[in-house]
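Below you'll find the structure I mean.
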Amino acid sequence: MSEHLPALLVVVPLILAPVAALSNRPRAAFAAAFAGCWWALYASLALLTRVRSEGVISYALGGWAPPYGIELRLDLVNAFVAVTVATIGAVVIPYAWTSVKKEITEDRIPLFYTAFLLMLSGLLGITVTGDVFNVFVFLEISSLSAYSMIALGQDRRALTATFQYLIMGSVGATFIVIGIGFMYVMTGTLNMADLAERLPAVMDNRTIPVAFTFLTVGITLKLALFPLHLWLPNAYTYAPSAVTAFMASTATKVSVYLLLRFFFTIFGFAFAFGQMRLNMVLMPLSLVAILAMSLVAIYEINVKRLLAFSSVAQIGYMVLGISFGSVLGVTAGLLHIFNHALMKGALFMAMGCVMYRVGSVQLSKMAGLGKKMPWTMAAFVGGGLSLIGVPLTVGFISKWYLVQAALEQGNWLVAGLVMIGSLMALVYIWKVVEVAYFQEADSDVEIREAPLSLLIPTWVLVIASFWFGIDASTTAQVATDAAELLLRGGS
Amino acid sequence: MDDRVILRVGAKILIPFIMIFGLYVHFHGDYGPGGGFQAGVIFAAAFVLYALIFGLGNAIQVLPPKAAYICAAMGVVIYLGVGFLGIILGGQFMDYSVLAYSYTGQHYGIIGVELGVVTTVFGVMVALFYAFAGRRRVDS
Amino acid sequence: MTPVEFVDIVLLILLAITGIAVIRTRNLFAAVMLAGIYSLVSAGLFVVMDAVDVAFTEAAVGAGISTVLLLGTLALVGDKEHKPQHTPILPLIVVLITGGVLIYGTSQMPPFGAADNPANQHVAPYYLEDSYDETHVPNVVTSVLASYRSYDTMGETAVVFTAVVGVLLLLARGPLPQRIHHDGEWITVRPGTTREELAAQFKAETEGGGGGPEGGGVDPGGGADPEDRGDTPSGEGGERG
Amino acid sequence: MSGGMLLLVTALLPVAAAGGVLLLRKSPNVREASTLIFGALTFWHVLGLLHRVQEGERPRLDMLEVVPGVQLAFELEPLGMVFALVASFLWPVTSLYAIGYMRGHHEENQTRFFFFFAIAIAGALGVAFSANLFTLFVFYEFLTFCTVPLVTHHQTEEAKKSGRVYLGILLTTSVGLQLVAIIWTWVLAGTVDFRTGGILAGTASTGVLSAILVLYVYGVGKAAVMPFHRWLPAAMVAPTPVSALLHAVAVVKAGVFTVLKIAVYVFGIDLLATLTTTSWLAWAAGATIILASLVAFKKDNLKARLAYSTISQLSYIVLGALLANELGIIGGGMHIAMHAFGKITLFFAAGAIMVAAHEKKISRMHGLGRTMPITFGAFFVGSLSIIGLPPAGGAWSKWFLAMGTLEAEQYGLLAVLMLSTLLGLYYLLEVPVKAFFFAPPEDAHRSEGIHEAPTPSLIAICITAAATLGLFIWPEVWRELMTMVVGGAG
């Protein structure tokens, strides 16, 4: 059984999706989704443990040896990302039950959970596969299900947001598949490890740099790197609360993983950073993302939107780390994948609680919430502290490594800009805190604390974001090992 | 409706052939172009043609939307079921060689997954058609 | 010029003409039909390239079913396209750059179909030589799709299924209703509900002691349910958000 | 109990006190009693630690490894002892004072007040016990955040604005400069531990090290070196006990303590003396001393004047650290204690005046000394200490600082010290002089009811005033500890 975990991690949630659809009852569909998410958490943790003790796991699907068949290949990098995705899934799903009941009409709930499971298995499928075309297939599953879930947001504008995302996402996916096609033409293989071996022989050709370009643009579109982020703010703002929490913590992270996988494992550090000078593009873009998007967030008055812009800025941190091309930098990027998932998940879930009781996340509607929904707002403050990067939160750990990576290369300017970014986070978080704690509420509206079924999952993430900030030795160790693995080029 | 006699008669003749062709495409997939994907679409085309000519109401009586929807989901279950069978019988996921001796196992496996594909594609295409055709026009 | 090249060029010119025509026309019906033709021509191209399986799919799906589905959509939204509000300059530039890069990238590709191409040297020969022994399936495409790479095909099946899940989520049971928060209660508002109806509904729901506004059976495929056609979208509603 | 455990228990006692405050919120008397008991207990434990430190023991506690190589750990050395001693002694005294003040002033949200107050003390002790830069930074930030609710206690627009300034400056400097410096240190030295003799020597060019020093000195915003001083006057909107303990003792002393600690244990005196920026920064501190005194000179609001006086006095300590010689460090360390006792007395008195006479402006305090002789008498004692005159403790630390400037041959800085003494003489003594010898203003409708502050407050004032005088007679503990810091036998 346990040797099949790499496949089962993906296909168990996948088969539960049609089961959820067939059950056609909200409760049964939820049960399926719940089972799928927790299974994924169990499987991914088991896999990470195995990878840490035994090294790379390769699973030949159908018994066909790679590169003739499709291979699932788990190393520290993607096992770590899979754990991140599965953790968020497992925390969001109990939250979704209560939240979705309010925000989505009952007749659509079974299909909602079907889409949720599809998205989860799509993301996990991308993460664990060792085959580039397979990446594209699962990317489509996760993207299509994401589009449909976003469209269910209770604001009409969710539809336009979805449409934007659909167009941009499809362009991104097309670019990725063009890149994959070009690579296949030049090497005759789709297996990642095999590609890495065969690519160096044909790199002088024009085709491979073009393939690289298409993949870069496609993936950065999917991960919403500035200035290709335009789809993200609306999508996050208008999606149902549970969907935003899940997506914000997983979808872009998996794309960041893809970036790492393609640049380091497949093309190799020397090609990506030496020949293509990728860092010359990524570093300025991520810095602009950090500063400009934080600035936009400061002036936002819809808190979900504010957090969405903050997400674009935080993605900038991840890409910035990668753009250093050093062990420390990539460690910072990987750590921030996990850390940001925890804190942003918590923040969006807190906003879901507000949405549940207040029906809006406009800043003006949040006056005095600190007293009326003390636990919800305390969770928001907890997540916010992490976003700012206060010590003993996960955000600090990320920053610690990121600034270290910058200073290691003597790049004190970048180190300073990173700090300015986190101070800007202070401004926009404090803005919300001030309204919630120091402004008098409308006395005639009665607002109660959010139900426990929403609060507990939210607080699980808040506590996790402190836990892994206080004892980051495990996560940091895994991330460092993974970064070393990536920079060695092998997988 | 009377002025559509030619269409109706033509369709009545055509539809069985379309379906037979679909079966041919499906089962001949091992030898020539074709397979579950194309066959599913061709089957769906038969129903769509029926619905276009004899009206949505009649089509729904022949194949209720729910049935199409169940087909769509069941196909995925069948496909993955074949995959799980590989594990249960002691092989890898999607391993056909353990289903039966030697290449016979491959045959069973391929038939199984193709069945899954044809079911899903057929169900999805019909369900999509119902979803679009069943909607009323929204004018503003 | 060999006959094959001649056919190629004719088909590509046709493809370009249809493509431009689709962009230029404001009549959506014409655009849908042209798109169908576009698919058919590409199917022809695939045949010339000896990719009959792909051609088959393209003809069946691209030219066949998608055209019907698009026509079904036209029945809902009308066949006149609004004038685009933004200038097409930026998209044009993006398309030109993408096209340029593509041409640049293909310029040093190995010639199509040559036996010594990398693509024909590595995995493909294995499939050609060994797949019959291993699977006894004469059609190599089938053995690759359904056996060697059956996990991919599983994914594709799931993609198709995801598509229907998405469409049904949005379209089943008529226009997507909204859930809005009103005075501490969440209520369902269907598009097209007038303000008076909304007030009445709200009154009924709050006085009726809540309960799900959606009574009864759940039928995700129920888009075609004749009863559903009774829920009239009128007045101020509409799909545009 | 092992030394490490004792450290942990001591640091957790204020947390326990905070918990007690929450639990006992229904009955204020029990609540305050528990705060006092916990305060006394904390001080008792610190005394126990003092004994061990004087014996030469260095209690250490490794809590956990946050990231590989970086630990959250406590280690108590003499400099930390100085700070811990001051903070833990003054906490119960201030609590006593606060009981009178908060009730006399009819403040709201007293539970929240006492809760965060206790938590802040835990933060200050954490700073004092830190074994490395990381731990220090953690508690430094912790202290920043848990004092915000105290600054914004009144929840008015003004409080909100002050909160913004407070948080803004303290975090901008600590995150933007100090943290960069810490990570830079880590990258260069491969450790962030505090070690005798420093860890940075020889790791990089003097240019880089000078830059890091600048980042540290300005990054420790709590030390209020100009231009990062605005948060301190802003914090004066808080209730007076907060101003007294936190913004005259715990928070600001955490800042200068950090500077001293970095000077001694990260750079090391020898390295510091070779860096060019050291003397520039010493002059920046000197400029702060004079400028802040001049501003204080012009403030009519008593608390604002005291705030600027604090800014000026903090730079004495920064200056001491940057003189980069033993006398300067000893003087700076002693000044932590001397200034704390003197300034807290002044704030207590200012608060007492506010509660009893509802006066904030110095110009309206004429003649008040006759009705509130104890308060103004204490104010006089405190002023002497701050100015640096016998028979108050401040004289000693000033003496060492002055000696330090001489040894460093920085005669200009000696002149700065003298000038600021003259300024202090005026702007501090003006208050008691006018209160005792001037006639009350014509329009002052002083009700007959005005007499001394509430009894608990009065007791507290007397304790600190007496301590200020006592420090002149027994400065030995502090000198001994500081001598141990610079490596002398004691």
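Order of writing sets the chain letters: A, B, C and D. Residues in each chain are counted from 1.
Please note the rule applied: contacts are C-beta pairs under 8 Å (C-beta built on N, C-alpha and C of every residue); 3 or more make two chains touch, one makes a residue touch a chain.
Just so we're clear, the structure is a prediction, and the values are computed from it rather than from any experiment.
Two chain pairs, B-C and A-D, are weighed by contacting C-beta pairs, with B-C ahead. Using the average of C-alpha coordinates as each chain's centre, D ends up farthest from subunit B. Here the spacing of subunit B and subunit C, counted between their Cα centres, is 18 Å. Centre-to-centre, using mean CA coordinates, subunit A is 44 Å away from subunit D.
Centre-to-centre separation of subunit A and subunit C, using mean CA positions: 26 Å.
Computed centre separation for the pair subunit C/subunit D is 68 angstrom, with centres defined by C-alpha atoms.
Across the assembly, subunit C contributes residues 147, 150-151, 154, 156, 158, 161, 163, 167-168, 172, 219-220, 239 that each touch 2 or more other chains.
Shown for subunit D are the residues that touch two or more other chains, of which there are none. The residues of subunit A that reach two or more other chains are 11, 14, 17-18, 21, 61-62, listed in rising order.
If the chains shown are joined wherever they touch, the resulting network has some other arrangement, not a path, ring, star or complete graph. Applying the touch definition to every pair of chains gives A-B, A-C, A-D, B-C. The touching residues of subunit B, when paired with subunit C in their complex, are 25, 29-35, 37-38, 41-42, 44-45, 48, 52, 56-57, 60, 64-66, 68-69, 72-73, 75-76, 79-80, 83, 93-94, 96, 103, 106-107, 109-110, 113-114, 116-117, 120-121, 123-125, 127-140. For subunit C in complex with subunit A, the touching residues are 101-102, 104-110, 117-124, 126-127, 147-152, 154-156, 158-159, 161-163, 165-170, 172-173, 176-182, 184, 186, 188, 212-214, 218-220, 239, 241. Against subunit C, in their complex, subunit A makes its touches with residues 11, 14, 17-18, 21, 24-26, 61-62, 64, 67-70, 102-108, 110-112, 114-115, 118, 121-122, 125, 131, 133-134, 137-138, 140-141, 144-145, 147-149, 151-152, 154-160, 178, 182, 184-190, 194, 198, 202, 205-207, 209-211, 213-214, 355, 357-360, 445-447. Chain contact summary for the complex, subunit C toward subunit B: residues 52-53, 55-57, 60-61, 64-65, 68-69, 72-73, 75-78, 134-139, 141-143, 145-147, 150-151, 153-154, 156-158, 160-161, 163-164, 167-168, 171-172, 174-175, 191-192, 219-226, 228-229, 232-233, 237-240. Note for the complex: subunit A touches subunit D at residues 385, 388-392, 397, 399-401, 403-404, 407-408, 412, 415-416, 419-420, 422-423, 426, 430, 434, 438, 469-473, 476-477, 480.
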